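Naming follows writing order (A, B, C and D), and every chain is counted from residue 1.
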Amino acid sequence: MNSLGRNFRITTFGESHGKALGVVIDGCPPGIPLAEGDIQPFLDRRRPGKSPLESPRKEPDRVEILSGIFGGKTTGAPIALLVANRDVREEDYAELEEIFRPGHADFTWQAKYGIRDHRGGGRSSGRETVARVAAGAVAAGYLASRGIKISGRILEIHGKRDPDAMTREIEKAKAEGDSVGGIAEVLVTGCPAGLGDPVFSKLDALLAHALMGIGAVKGVEIGEGFAAARMKGSKHNDAMTGDGFATNHAGGILGGISTGQEIVARIAVKPTPSIAKTQRTVDRKGREVSISIRGRHDPCIVPRILPVAEAMVALVIMDAYLEQARYRALPGAGSLAGGDA
Amino acid sequence: MNSLGRNFRITTFGESHGKALGVVIDGCPPGIPLAEGDIQPFLDRRRPGKSPLESPRKEPDRVEILSGIFGGKTTGAPIALLVANRDVREEDYAELEEIFRPGHADFTWQAKYGIRDHRGGGRSSGRETVARVAAGAVAAGYLASRGIKISGRILEIHGKRDPDAMTREIEKAKAEGDSVGGIAEVLVTGCPAGLGDPVFSKLDALLAHALMGIGAVKGVEIGEGFAAARMKGSKHNDAMTGDGFATNHAGGILGGISTGQEIVARIAVKPTPSIAKTQRTVDRKGREVSISIRGRHDPCIVPRILPVAEAMVALVIMDAYLEQARYRALPGAGSLAGGDA
Amino acid sequence: MNSLGRNFRITTFGESHGKALGVVIDGCPPGIPLAEGDIQPFLDRRRPGKSPLESPRKEPDRVEILSGIFGGKTTGAPIALLVANRDVREEDYAELEEIFRPGHADFTWQAKYGIRDHRGGGRSSGRETVARVAAGAVAAGYLASRGIKISGRILEIHGKRDPDAMTREIEKAKAEGDSVGGIAEVLVTGCPAGLGDPVFSKLDALLAHALMGIGAVKGVEIGEGFAAARMKGSKHNDAMTGDGFATNHAGGILGGISTGQEIVARIAVKPTPSIAKTQRTVDRKGREVSISIRGRHDPCIVPRILPVAEAMVALVIMDAYLEQARYRALPGAGSLAGGDA
Amino acid sequence: MNSLGRNFRITTFGESHGKALGVVIDGCPPGIPLAEGDIQPFLDRRRPGKSPLESPRKEPDRVEILSGIFGGKTTGAPIALLVANRDVREEDYAELEEIFRPGHADFTWQAKYGIRDHRGGGRSSGRETVARVAAGAVAAGYLASRGIKISGRILEIHGKRDPDAMTREIEKAKAEGDSVGGIAEVLVTGCPAGLGDPVFSKLDALLAHALMGIGAVKGVEIGEGFAAARMKGSKHNDAMTGDGFATNHAGGILGGISTGQEIVARIAVKPTPSIAKTQRTVDRKGREVSISIRGRHDPCIVPRILPVAEAMVALVIMDAYLEQARYRALPGAGSLAGGDA
């Protein structure tokens, strides 16, 4: 379904070449100052066309608040955010109506629904993430006011870890009509201990769910992640001292609950599936065809996924923060819970 | 919370050293043959003490069906499954009441709830997964009758990929009073195209959620996973031919929806946190202490996690299968959806 | 929260004097023809100002579809519907900022959130039901195509059951600066047997939830309702014959599951709380004040609640229909379930 | 489905003549003293065979806590409660395997699932409510410690409001081989203002859902209920004064949110469908047959439904209380919300 979260629950809608993208936020605490100007900078970071290495689609991505605000503050009522599509070019996609693009959701969407909006991928387009970023901005703003900060960075592009080398890899891919992937990391600082629920709502499980739910993500890891599989327990365990944890191999989460340390999550992003290079594929009747996708695409999607990943982490932390807030308020439980969350 | 799934919804309960572990399955289709003998083999695979390299805790782990079956078949009513704890030794854990074990949920549980059942980790113990395996067995049985099979295998223990070498790594760790982690893979064959929902309920996102929700898992990847970050689009994209997909770099999922190919998921498992080697930690008052955990622990948890990971995958696929079943039944939608799911 | 339904899930937003009201429908089956013209007639029935006995607020209530439609058909993606507010008069409500209107949610909203949009009641206004009616129209259209029809009628206004007498009661109340309530009934014909889930999702429980969730509703009954409390079992039980049920005292639902007969639900609607007659109340500081509400109000809300009640019933039946559709698709279960739903 | 509640979430299971009935409570606050002795008195009130006017089925209904308690207190982990069935007589129901009892869920269950546990109604039996009462006891205990009390009373049996007359109606019905219904009321005192959410989770909507979900209930009303339909606004509106509300026609809820006054809910209970009098019905092949139900039934179910109705109200109030607790804990919101809930 198109909703995420229990307490700070978002429901998104919209297609790449439809009228608009939007999100309804349900459960935002009342009394929080919120204006369009608080959200816009997050959308601007995600917006296409900021550099020659990004899709040249011209979208101002201006957010409009439709509801839930009164006198400049949230009221507890649902907040609807709308971003109109401006640079819609249906005609660019006419030839794709009958063809399944490799690496895209064209085939699976058709298999699932028996009908599909082929214009730029319709709802399966990365453009759908505009709504996530808008909602994430509201969450991030609230969390920042509580001292919790979320920040992302690119670790690797096509195997390179030096920034200049990363740029060269993207330029090279673009010149070849190809694309490259990479690895990004999102960090959460200032997060109190106690967020996350054991068993099926572990904080790391919720983060994995949210991050793997970004279109191009193929892997998620927390703390040492896959490297932990090659470590010994005596090395991986984080010793505790009178001053707190001595190390943070766990990535800020133990037993699915935050430790109070920095939370560390990493994602593997696949190379953009839309490439100019000729590829083999089939049409809806199963006939083999060749395809070369010439349009407005990013040769590497990692930089533009970064604000999306940060938004997803903000949404998860916000939801867990509100979940835990309840305990603080309850007599008995409140006094025992350490007071931090 | 302690529930998972939308259509085949499980709710688990129980502690490591409480009376019993159990699960309520809500939404199981009616008319399916089901007996305790269908579930028991799955629990037997997960049971401790099958080899000298596993915890020697003596638990027969006999499952009892309390409800939901009539005349040997499911009725559509909730199915409650119970597994009694037999080998409970509260006294083994007396010294742990005041101490936070490194790498365990002791500290975070205390921070969250202000109270904790310290006996063997209480509900944060891996023993909780008994309930998941029992529920997963019901799902796996149903899926098998539809031609969908789930199977897991260990890929790597402490960096070694040869079976004999894996065993040696575990033996060595045990002799040292230490522990090792590893990597395991779960495959789904026979899965029809069309399972999974776009955006926030992508099939890979649900798998990541379910697998990262297993205690010791620190990373999840689908298909090429982290390796995809170092590939080019022209290589990673799976070409389509008249005979179907030419390759399966995507791991059987595109745009969050199953392609009909084999689904491939991998998990990184951390080394068991309970080790005999002396570790530094603190007690509830923050005083520094040393701890050497001598009890009934597995020097490597990967082999026993395997049936748990399979169970989690079975639960996710089952839930998505029932979700998609609805479309097949609807006039209009049904005829277009390809008929496979 | 602001969502309703499991399978055909709606999330509404908007305030009486904000920019717009809207709803996101998640889970609508794909491939269904849908245009704004299919929804508009339902909104027109609910629209104010159709007669001198209704609020004179001038709202065209034009619905706009923002997403989820391609080529005139639903795609399975969320459908966002928007209705702009046109006749907004903030200034009419300036004096109400500090005063709690009797019979309204002013006091309780303030107690809950500590902040409130006082303009026409903000989100607690009956205007919020525009979004419900829009969503209900989509459900009703789908159900009609399956032969399921929902229709409502007014049974009683201020105790009178004759239509002319009803009108006179409303006119009299209006002339007195007062208001009256009444009783309405919603019928569902063509509903197959088997809808609704036992225990907590009984069809009658879901109907009661949906109908009692309409602002002015104070009572809900099914079939004989409160009259059943004065009947004997031998009279209330509906005998079965070879031709079906002989009577329908149960109102089409037994054990929470539809019988295949007509479903009969009734609601008690309180008199409109906004009246011109002087009333005693308090302001936010607890000081006693008098209030006479002169604005754009309906002296009797029953006629305008009718399309809302129908919409709520349509949403519940639609949700249960999709829930049950799953069973039809499952081998084994499908063949046994009688084939009707 | 078989779950109720968002924050204090219960999942029930079990059949009338199966091994046991049970419930898992998820979301109970940690640190609350809880023992079987706190729950047992509630089950004892609901237990059959306490008087000659009740079913003579012999069930001790002893509750067993399986999980979630440590050192006599809740831990925040799920609490599983089990009540074994003792007086199971499958043979009493052999003749009902092929026959649909009038007024029961036999026909609809068969239509829905294609299979049914006919022994005493299986899961559609009123015996299922044992689990609700057990869970409600935990909620009621918690609420009582916060000063919130829930109490029920019978208002009317077969139209009679005098206690002696009520008893005579039941005796007469029993002697005739017939049954009678009635009306009961549940009151909540000490409930703070601010509980309940607007729109679809209104407190009255949740109460209606919970109460209509009791098997024999055919109507629910809040405050004046159906009588409100015959009142004028000037009479029904509850004036506010410096000392609080002057009246309570609304029944303690305005706009779906509690006012801080007494909450008043009433239910209409149908006559017990199981009667000795001969009735016409059909068997599974649609052949007409006569049936006289001689077994262990209550000629009037109202007295035994009372503790069930109280339990349902306790569960709803508990859930809303925990929902609202979150706001108290949030800086900003907390200070504005009036501090009461």
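As a working rule, contacts are C-beta pairs under 8 Å (C-beta built on N, C-alpha and C of every residue); 3 or more make two chains touch, one makes a residue touch a chain.
No experiment lies behind these values; they were computed from the predicted model shown.
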- So which one's got more C-beta contacts, B-C or B-D? B-D
- Task: Taking CA centroids for every chain, report which one is farthest away from chain C.
- Result: B
- Between chain A and chain B, what's the gap in Å when you average each chain's C-alpha atoms? 25
- Between chain B and chain C, tell me the centre distance in angstrom, where each centre is the average of that chain's C-alpha atoms. 43
- Using mean CA coordinates as chain centres, what's the chain B-chain D distance in Å? 36
- Query: Could you say which residues in chain C touch two or more other chains, in rising order?
  - Reply: 1-3, 12, 30-31, 77, 112-115, 123, 198, 327, 333, 336
- Task: Note which residues of chain C are touching chain A in the complex, please.
- Result: 1-3, 9, 11-15, 18-22, 24, 26-27, 30-31, 64, 66-68, 70-71, 73-80, 82, 112-117, 119, 122-123
- Item | Complex contacts: residues of chain D adjacent to chain A | 6-7, 29-32, 76-77, 146, 198, 322-323, 325-334, 336
- Query: In the complex formed with chain A, which residues of chain B make contact?
  - Reply: 1-4, 12, 100, 102-105, 107-115, 123-124, 128, 156, 158-159, 173, 178-183, 193-202, 204-213, 215, 218-242, 246, 250-251, 253-260, 268-275, 277, 279-282, 286-288, 324, 327, 333, 335-338, 340-341
